Amino acid sequence: MENAKKLALHRKRKQFVEALFRSKMSLVGLAILVFFVLLAFVGPLLYDYDHQEYGAGEMLEPPSKAFLLGTDDLGRDVLGELIHGAKTSLIVGVLATLISMVIGTVVGISSGYFGGRIDAFLMRVTDAFLVLPWLPLMLVLAALLGSSLWNIVVVIGVTSWAGTARLARAQTLSVKERQFVERARSIGAGHVYIMRKKILPNVFPLIFSNTVLVSAVAILSETTLSFLGMGDVLRPSWGMMLHYAFEAGAVSVGAYWFFVPPGVCIILLVLGFAFLGHSFDEILNPALRRR
Amino acid sequence: MNSEYLLRKIFHSAITLFIVLIINYFLFRIMPGDPVSMIMRNPNANPSMLAQVKSLYGFDKPQLVQFAVYLRELVKGNFGMSFFYRQPVIDVIGSRLFATLVLAFAAEIVAIFLGILLGKIAAVRRGEPVDAAILGFSLVTYAMPTFWLGIVFIAFFCVHLGLFPTVGMYTSGVTFAGFADKAVDLAKHLFLPAVTLAVVIVGGYSMIMRSSLLDVLSEDYITTARAKGLSRRDVINRHAVPNARLPIITIIAINLGFMIAGALQVETVFSWPGIGRLMYEALKARDYPLLQGIFLIVSFCVILANFAADIMYGYLDPRIRY
Amino acid sequence: MKQVREGMTEHIVDVRDLKVHFEIRRSFLDTLLGRNKATVKAVDGVTFSLRRGEILSLVGESGSGKTTTGRAILNLVAKSGGEALFDGASVSNRDREWNRMFRKKAQMIFQDPYQSLNPKDMIVDIVSEPLRIDGDHHDQEELLARTVEALEFAGLKPAETYLYKYPNELSGGQRQRVAIAAAFILSPDFIVADEPVSMLDASVRADILNLMVKMRETKNTSYLFITHDLSLAWLISDRVAIMYLGKIMEIGSHRIVAGSCVHPYSRALVDALPTMEEKPRERALLKGETPSPVKLPPGCRFSPRCSHVRPQCTREEPELRCVGEGHWAACHFAEEFLSKSGAGDPVPLQGEENPSCAQ
Amino acid sequence: MKLLEVRNLKTYFDTREGVVRAVDDVSFSLEKGEAIGLVGESGCGKTTTALSVLQLLPKEGRIAGGEILLNGEDFAAKSEEELRKHRWRDVSIVFQGAMNALNPVMKVSRQIAEALLLHEELTEEEARRRVLALFDLVEISSSLVDCYPHEFSGGMRQRAMIAMALACGPKLIVGDEPTTALDVMVQAQILALLGKLRREFGMAMILITHDLSIVGANCDQVAVMYGGKVAEIGPVGKVLRNPCHPYTQRLLKAFPDIRGEREMVQSIPGFPPNLVTPPPGCRFSPRCDAAREICFSREPAMRCVEPGHEAACHFAEERS
């Protein structure tokens, strides 16, 4: 039985992957993400660059053969910085999203499933997190905790779950009304069993496709925090590059090679996540989006 | 909409505000740095002076009492004193509020108008190149860090082309001949920051309008309207859009939090003398009372906007009763 | 056919004056001012009993409380009054052991096969779930064997081709068979079937109905068959109860829906049935729609729409009383209509022994 | 001249799986004031046929062939602009779920007035008076005139839908399962109302339903559809009393007849055909228990079994 079941699960997964590969959008998204993952984890091994090595070239030197993307205000190689900075964005994007997703899903499903006072309380807290000025809150929390990478991950995670919670709640409310939940009750299933086996599997696809979009927000948040000087100074990141570019006046001297590439990388990475999220949504939730 | 709905929403908003107040109060209690020494700013203060200040500010009382005092003072309009400016917080904020409101309003109006228009065009011409172009534009702007767009705009329009002034709200050191001159100068300074802010939020609106309109267009009542012999334009404008814009209203209100985040970045990049920049400065100076005040004011504005959106929703959607 | 073993009650289900009232959402203003809350009397004093191996249809329009009655008997909604007994014990019994037995012995089949099966579960999991959930340890092989048996009973042969599919890979009729297999696997004594065929095409309805009848024949299962379709009730059941606004208006043999009914409401329902006859009979249709069960009229709840209404009807609420063999009606003037309907002659009903008034 | 003539109508849907021949060579006609019932299982092409007549197909659908003559004018050949003038004036529709068929944010009276103002030269005041008259006609209290759809009950909404359909005095009204979601009593009321108004105004009707028993009392003609084709067509009495197509015969056995013997209903084994790759020969042949060799290879033509009564079965005459 177990084997046949595994086979069936495998068949379902295969269908999903096939659908993923059929859609152009998801292919582009995947390609972008694969590119950046390679850039972040394999790139530094192949590309020789030292973050601490100041004055490898002149200050704000335009692109040349030696420095394909020119140099920064301290004479460091911009391309090297770019490659080394990719990791930060990826780590934050994935981990912060995970935290946000877990909090949001737990709050949303409990709220929707139990209803009544629990729902009223959880939703008001969620509302509060929605109206609290989100970037400033992150800034303050980062200032409070100290701006190490892990703290930033936590800060972004705990401030960005409110939207997910709302989504999970709405979906739970609709799943709860479906007859298979009552069927489970009629054969004697308990609350935990129903939430875990009946509600979660039906809420998850929606959460999941939304979460890929949340990761976009997470990446942008990290970048912004770094830009505003609340980033982890010990780790190169694209936001940090933009911070230095702005502080060093690269803008007023028109040193495009310093501030355009990190921005383009951020846009591409976020687009990659967004494309993938959109494709997941189309494949996992066909009934919700009729076309 | 009825009074029932109204009351419920007022009640919800009040509770949300209260939760925000609690978070706001205790968040700043646990911030590093001893508030007493912050107030004194005097390394040589002796213990008795410290104790005096403590009891003066009520720091020796239990937290709950302090919280009650805090609430009482808030109601009176006393948001505390700014460490840095040595002025009442409310005055500091008041002096900067106008700049932010101008910026946010200008951006929001452009974004709403443009977002709905683009979303409508994309939905109506689904699958055509126009749709793809609008979708692409929306996605790219959505993926853009606000401050980065600001930087690029400055580098290109101000530095490269020299079209606009880079910093501030007015040209400094100039005495304006009259109101008109002043307004023109303001408009020149406002243009780029407002466009930056508008561009980064317009994508979200247009995407939501598009998908919401597509959903509505597959409803039966659209087929009914077509069967009645209405032209395509009338079907869309009279039947589809009024239904499709409902979700947009909620999104706009929720989006206000993101507007603040965007404003903070834009104000930093363009040296716009608004609340966002003030907040950034307060953060750097560890001016907690000021930060706390800004938090509260901003949260209050967002709650108010959400409330307004709920009211508008209730007005536009006759089905809303609770 | 009907065997009452030693120590078993004659009736598998006994419903006595069952009431289910829902509080409707109080308005915020009312909460503040402490005003009285409004209640919906979804089920308002329903009494009937079900013999072992019997099929009783509960017929009514939406809002009549038929589904709520079924759910209350399975203890899926809390009752506000009265009693529902299963095998002689109250269904709201807190005893764990009893509850486990109850959940095995009493099952429900739902209306919409597109909604009653979790789209994320495989057929094998859906069908075997009742076994896995009851806490007894079954080894994998036994589980599988019983699942296969249940699927084949439900006409999904060979079962192996269905085991590892998901509900969305099956047609509506097949899904309803899966639901029946999942109910069958525990060999229940009693099934509440809530409009089990109303979402299915006419061409597959018969299969599902036949399966239900087959299960009764093999396992002596009793059914409470909830439906809005009078002709289906007539077709499948031994007895029929007609509900209106939370109360039973008339209960009797299946023949009452074929024309021998006495209650004016039943009569109106029967008259409203579409027929294949080319020239429709002259018929008096009721005006308006079923009112909301929040504000019930005084006296007989059907009186405001009844074409035979008399002063007594608006003053006194009629009780359900015996008007013939196994035939009860809640109308002050039932006997009068009885003679008119020509249903007075008590023909012994096929397959029904001892149709006494003791219902 | 007939009011409506549908000749060899073909409506196809372009989907990812291929071309779905939802309606494949369907012909029928309708005299002024006559009612025809389209019956069959779900997915047999009933609704698509009706939507083709109204030219209201979704984006993926297209009319691939045939003519739709209303008053002698070919609707299938008209442009969208020309069609607009005919819509609602000549032919209107009542949908199944009136909750979704009425715009939720617009007052019901406004939605009716909109149709009136579009097709007739009226002032607002006149339109309002006409709406009130229509409300009266379909027995909706005039106190509901300023209400929104959600404030109506299911039956009221369907009445409002009928009032709207009648607004411009169409010659043909299409009812797409107009009573399916309603209770027995309300269903009977709505059908009676439709019948009464139809007789009063001499409107023709296409009634789409999956319930054979509704057709009996409400239609003059019936077309039984199967797999995108007409299996049997003729006067209601003849088709229901003397069905000649095996599908019709089986379908009749699937409905209990409360006025007759208590006999268990029977299913039709098998599934409706896949309309992307329909079976060769007769589309019903895989499910037909009387199928012979020819049924699997040659598509049957319409055969006349008695005047006005035709069936698409090679052995129709034998069965009558």
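Every chain is named by a letter (A, B, C and D) in the order it is written, and numbering of its residues begins at 1.
As a convention for this text, a contact is a pair of C-beta atoms (placed from the backbone, for glycine too) under 8 Å apart; a residue touches a chain by one contact, two chains touch by 3 or more.
Remember, predicted model here, so these are calculated numbers, not experimental data.
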item: Fewest hops from subunit C to subunit D - one hop per pair of touching chains; value: 1
item: Greatest separation from subunit C - chain, by CA centre; value: B
item: Contact-richer chain pair (by C-beta pairs counted) among A-C and A-B; value: A-B
item: CA centroid of subunit A to CA centroid of subunit D, Å; value: 51
item: Subunit A and subunit B: spacing of chain centres that average the CA atoms, whole Å; value: 23
item: Subunit B-subunit C separation of Cα centroids, rounded to whole Å; value: 56
item: Contact footprint of subunit B on subunit D as seen in their complex; value: 54, 56, 58, 80, 83-89, 92-93, 95, 97, 100-106, 114-115, 118-119, 148, 150, 164
item: Subunit A residues within the subunit B interface of the complex; value: 124-125, 127-128, 130-137, 139-141, 143-144, 163, 216, 220, 223-224, 227-229, 239, 242, 245-246, 251-254, 256, 259-260, 262-263, 266-268, 270-271, 274-275, 289-291
item: Sites on subunit B touched by subunit D in the complex; value: 218-221, 223-232, 238-239, 242-243, 246, 316-319
item: Interface residues, subunit D side, partner subunit C - complex; value: 41-42, 153-156, 183-189, 191-192, 210-218, 236-237, 240, 250-251, 254-259, 262, 264-268, 271
item: Touching residues (chain side subunit A, partner subunit C) in the complex; value: 1-2, 4-5, 7-8, 12, 178-180, 182-189, 193, 197-198, 201-202
